[in-house]
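Read through the structures below before going on.
Each of the next two complexes has chain A plus one other chain: chain B in the first, chain C in the second.
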Partner chain A sequence: MHGRIKVRTTEEQNLQKHKEQQKKLTAYRMGMKQILATRDADSYNKDSLALSAQLLTINPDIYTLWNYRKEVVLIEIKKSYQDEVADDQKLIHFFEEELRLTEQCLLSNPKSYGSWHHRYWILNHHTKPNWQREFDLCNKYVSLDDRNFHCWDFRRLIVNKIGISLADEIAFSTERININFSNYSSWHYRSTLQILNDENSVANDLILVQNAVFTDPIDTSAWFYLRWVLSHPGITKIQKEDLLNALEQLQELEPECKWIIMAKCWLVKQGNLEKDAICRLKRYYTELIKLDPLREGHYKDCFKVF
Partner chain B sequence: MEYELPTEFDIIIIGTGVIESIISAAASRIGKRVLHIDSNNYYGGLWASFNLDAIHKLSANTEVLEPPTDLLNPDETTFALGNDFFSLKNFKTDWHIPKAETQPENENVEEKNEPESEEKPEKPMTQESLIKDGRKFNIDLAPKLQFARGEFVELLISSNIARYSEYRSVSRVLTWLNGQLETVPCSRSDVFANNKVTVIEKRMLMKLFMALDSGDQEYLNYDNKTFRAFLTDKKLTPSLIHYVLYAISMSTDETLCLQGIQNTKRFLDSLGRFGKTPFLFSMYGSGEITQAFCRLSAVFGGIYALSQPLSSLIFDNENNFKGLICGKQRISAEFLVMGAEKAPPEFIKSPPRSFIARAVFITDRSIMSSEKEHLTLLLYPPEGGKNSCVIIELGTLTGTCPKDLYLVHLISQQVASPEDDFKHCVENLFSKFEDDKKPKILWSCFFSIPDSNALDLKTGVPGNVVLCPGPDLDLDYDDAVKKAKAIFSDLYPDTEFLPRAPDPEDIIIEGDTEDRNDEDEVVLKPEENTDKVAESETEAKSDNDQEVPKSENEHEE
Partner chain C sequence: MPGSREQENNVVWDTAHLAMTYCALLILLILGDDLSKIDRKGLLQALGNLQREDGSFGSSSEERNDITFSFKEGDMRFVYCAVVIAHILNGYSYIDIQLLCDFIKNSLSYEGSFGQGPLQEGHGGSTFCALASLHILDKLDEVLSENDKELIVRWCLFRQQSGFQGRPNKEEDTCYSFWIGCSLKILKSFKWIDKEKNKVWLSRTQRKFGGFAKYAEGNCREDLGHSYFGICALALMKESELHGLHPALNISKRATQRLKQRMLTTHAD
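Take a look at the complex of A and B:
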């Protein structure tokens, strides 16, 4: 989670920690040695496998061990094909064990590249993957920390893999935004769903994002989404004018917020408000430079380009 | 059952209302020998909760026992306990459904047009079916909500009494605006998601919230002006003023600006701690609250006795309290604390002149239907000469009523009578006929609680005796806690009020450096419907430094 304070430990606790670290280090070294010694192309040592699980639970970032386990899984798969019996229960059981291990590792560290990747890799090889469970897992981790990009990416991978219904994902995205609209990841996910395919959805999303920027103009994630929505060719002139008026009103309430002016710039630049576009832009950019002097050069450039 | 109580204590407490129970816990906690005693066979006194059977049997305790005269010393006098001033008035219960399936007519029933169930495949509700489930009801006389960051919750946490009770968070706050029920936007996400408020109104509301939060100094000029005037000057639209004035700050048109601001801050401060609204409700009813404090008192040695034959108090010729006559025993103590309703009538100099109007309904659906069950607080604004009403709707998940039924409490400062005072609410929110949309009242109960809080309960009362007021109109227990604290520090000055009791998990074994018990975390017990409680638990945790087993930066790559 973000913004956590680290606790300073005293000298004594430092020493204590160092001792514990040394112990862990020795255990780790011995473990790795043993596992790598027993590596083989055709078979694997069950003890080593168990040992790797232990080490990974403590530290899921040892990608060597994840890859070792992948090798073991491949061996198991090969064995299962060679077995005459058509029953893949044993194999499925094996896969489930791997998934359980990744879940355990995720509990202790929801942001480990290794755990997420291993999970996805297993699902790709799994003969009967339970995708609904994966969605539930995603939902759980997103609600624990809605900025966990591993989780968002995982969701995107699954969606691409099985092609879920758009309506469901839109509902999910709307729900996330309702819970907390200050989340760039939620907005970004929404934009990847490619939902702006008709005027209705454009209008709806315009309203949604307007709600966000008005409720909290300081939150930048909503402004970025607004810019993206505005870049859609389907925005009508009336919508633009309405938005412009609303932004003017908002500016009266929040004169210090540069994003409102920037939004006005986006609107005007878009075209078909040509009447006094250049004049307005000049005014806007002058205001922006006053509010945000550190970016003076940038604003001057923006104006020049137009 | 004949048994004898010990005959000497440091303090005797008569009555198990909230204030008495808090004092009992505090005294017991600092090592005083406490006798906490009640003539009722239940805990809670005027703050108790009852199941459906027991509430029909509530009667004023008017029996006056004759004290045995051989227990008195010369020069001592007695005063008989118990008075009529504070007992429930105008108590009335009514069924609005038939008694049983085969008997559509019954003299007990206030007949409502119940069309034959042509459309409904389920059986119509009968008194019989409700009474069968009667034990699943927990009907509070004085229901309350707790502010998540209010004094009461802080007391529960600091004293660790929190572990004796469970809570659910109120999931929505409603108000009555322009002839219909509207959700009050409390938090940022509420304001965002609300589609009855324009975008500019959203901005204004958020600005106001943030200004109040940051301690804006502007309102110092509004010393004698009303909160409504302040809000109007801030250019809030009428709807917004309604939400802020009547709902969020629970004020009236006459409330002064500073008070209104304080109320608003109280509301906003408690947001986000345990859920989407600032409020908690005690599972199984507010009657559990008194029991939680009694439990702590007992843990530290307090002696408890219910159903006691209390007859009178003994005073010496200097008007000091000497003892209590209970059955055949004389029990003495240095101090006596009692609920105002237990006191001898001679101690009550001025009878109560204001009352709390109350109504309780059992209904068949929510006042505002939705997919999942809500715990609703409806703040009904003042209307037509009537005062504002607090309406609390409880579903089965609160442990106060059976499945598919709702318990609705109405509380208001009485103007005429409970039935009169709530008539408009009843008409607007409930139907007495088969109406698909509005909930039907299956059972109703009206009564008035005399308000003992503004009274002078000190004059004419002997020095070592204290009278405790009963239920008040405050939504939370803050006032009750204040009063209990004041009484306690009068009795035992320079002592600590309910210091935290250690619990087993707090004891740190040498060498274990990881554990830090988060003081802010109220442990809400897990339930089947996990969305409310789990949400709250996560949110409570995210408030503080979370202890996560450190996943190592110490490994070697």
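Take a look at the complex of A and C:
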């Protein structure tokens, strides 16, 4: 009808979507066919290489294409060794193009195993890798999403390459935790730094994690780390008693917080199990069942032991 | 894996991949195949070659033009695939089990979950892969102490919000009702979850045409993967007429029976 805006019905929309998907599927199938048909032991087809970049930008999980690109890189490396003129500029340019592609893919999908792996593989073959730049890239991605474990794992791989010391990493970990106590991945990273190796560092970490749980007791992140610190044999009886008293006070401010009660359970269980301790634990588990009915079965099971 | 049968006219195929091999074998079992056409020795030899020095497994390896490169992508996912493949084909002698168990033990994090590898953050998926591997190898009690198991059970139970999350402070996702659910089953602690809340979550992610989506939000569409995990999660809770699920092998109890029968007639070497 004249004068009316054409509004597509749901059925028309679905049909349109289906057509678009079919187009993408055809392009993908043709692209893969062409790329795989031009695979060769000693040379590669530049159009196929470009096509693989296009397909990977859309879907970086096609690991076959990352592998294809690795083959091409190896061909280039071999050619470069065979060339009489010692000029690795061309090769470096090639490596940099690969890195640019992975960065593009990571921008749209920062969690693709294939992209991170390819990047690290390229860096390990690169004749002049810029590890500092990689480090900065890591920091950028951690700021964008501090739960992206690919990024933390990548960081772990490259810290050794640029000579970052353990002390530097501990300082970095402390900084990340102070920016955001709720940063679970930061706490995990800290746990891998072999940090609890003497009474001083145990005491320091106890203060750090205590600050975190007292600042935001509702968030789970620091509580698990606290439990881990408390399991260290270097924790003294006085430290445990002080913590228990502090938790009692915190509970008055946050009576609905199950983590406080759980932490009290951990501390009481670690001490001698006199009659008083068992009564206390019974009281704690009863409170926990009220506050956290989702895990009632678990708490009852925990208490059965006593 | 066609590694040993590679010829000029099939060299353009995809490189064989451990996860695909795992899927292929399970699919054959589910469909009732007796696996007699599998190149058992070839496959197991190729499997053994994929084990890394740290005990983990990579996904694939490739030799071209005398340049050997085996992809470093070795992690818990492929450890699990390798264990299941070795189990199905009765080929434990082709892999170094002690080294594999060391890798798993070294991947246990401070909070009682398994990462993809040592030092890596614990995650529901890799926790399943680690526990299922140990269970299939009958090494759970040897590798994990009672304290370890207690920590792991607690970590898993605390992933339940209504459905399950894959890591602390992350969103619930249908597939973790499977990964975490199976982990708890393996550690005989599935009974402690809140089944009703889990069912409520799964009913929210199920869409009107029957599939399951990752999240409960309306704009999140159903997909095959999450539909599979959703159904498995219901099977774990023995819902309606679903076949029981073997929590470590990731096949129905019916398919597990077929495997047992087949294994009785296959000899290990």
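Here is the rule we go by: the second predicted complex is superposed on the first by the 266 of 306 C-alpha atoms of A that agree within 3 Å, B and C clash if a C-alpha of one lies under 4 Å from a C-alpha of the other, contacts with A are read in each partner's own complex, and residues count from 1 in each chain.
Basically, a contact is a pair of C-beta atoms (placed from the backbone, for glycine too) under 8 Å apart; a residue touches a chain by one contact, two chains touch by 3 or more.
On a predicted model such as this, the values are computed, not experimentally measured, just so you know.
Undergrad: With both complexes superposed on chain A, which partner does A:Leu294 reach: first (chain B), second (chain C), both or neither?
TA: second
Undergrad: After superposition on the shared chain, which partner residues are touched by A:Lys24: those of chain B (first), chain C (second), both, or neither?
TA: In the superposed model, A:Lys24 contacts chain B only, not chain C.
Undergrad: Looking at A:Asn197, would you say it contacts chain B, chain C, both, or neither? Reply first, second, both or neither.
TA: Touch partners of A:Asn197: none, neither chain B nor chain C.
Undergrad: Between chain B (first) and chain C (second), which, if any, makes contact with A:Ile179: first, second, both or neither?
TA: first
Undergrad: Once the shared chain is lined up, is A:Asn211 touching chain B (first), chain C (second), both, or neither of them?
TA: Only chain B is touched by A:Asn211; chain C is not.
Undergrad: Taking the superposition as given, does A:Ala37 touch the first partner, chain B, the second, chain C, both, or neither?
TA: second
Undergrad: Could you say whether A:Phe224 touches chain B, chain C, both of them, or neither, answering first, second, both or neither?
TA: A:Phe224: touches chain C, not chain B.
Undergrad: So, A:Gln54: does it touch chain B (first), chain C (second), both, or neither?
TA: A:Gln54 sits against neither chain B nor chain C.
Undergrad: Same chain A residues contacting chain B and chain C, which ones?
TA: Shared contact residues on chain A: none.
Undergrad: Give every residue of chain C touching chain A within the complex, in rising order.
TA: 11-12, 14-15, 17, 59, 62, 64-65, 67, 69, 71-73, 109-111, 115-116, 119-123, 153-155, 157-158, 160-161, 167-170, 189, 191-194, 197
Undergrad: Applying the document's contact rule, which stretches of chain A touch chain C when the two form their complex?
TA: It comes out as residues 36-37, 39, 41-42, 63-64, 67, 70-71, 74, 78, 113, 117, 120-121, 147, 149, 152-153, 156, 182, 184-185, 188-189, 191-192, 219-221, 224-225, 227-228, 293-298, 301.
Undergrad: How about chain B: which of its residues touch chain A in the complex?
TA: Chain B reaches chain A through residues 188-189, 191-193, 199-200, 202-204, 206-207, 511, 513, 538, 542, 545-546, 548-549, 551-552, 554-557.
Undergrad: Can you list the chain A residues touching chain B in their complex?
TA: 1, 4-5, 7, 9, 13, 16, 21, 24-25, 28-29, 58-62, 108-109, 112, 143-144, 178-181, 210-212, 214-217, 246, 249-250, 253-254
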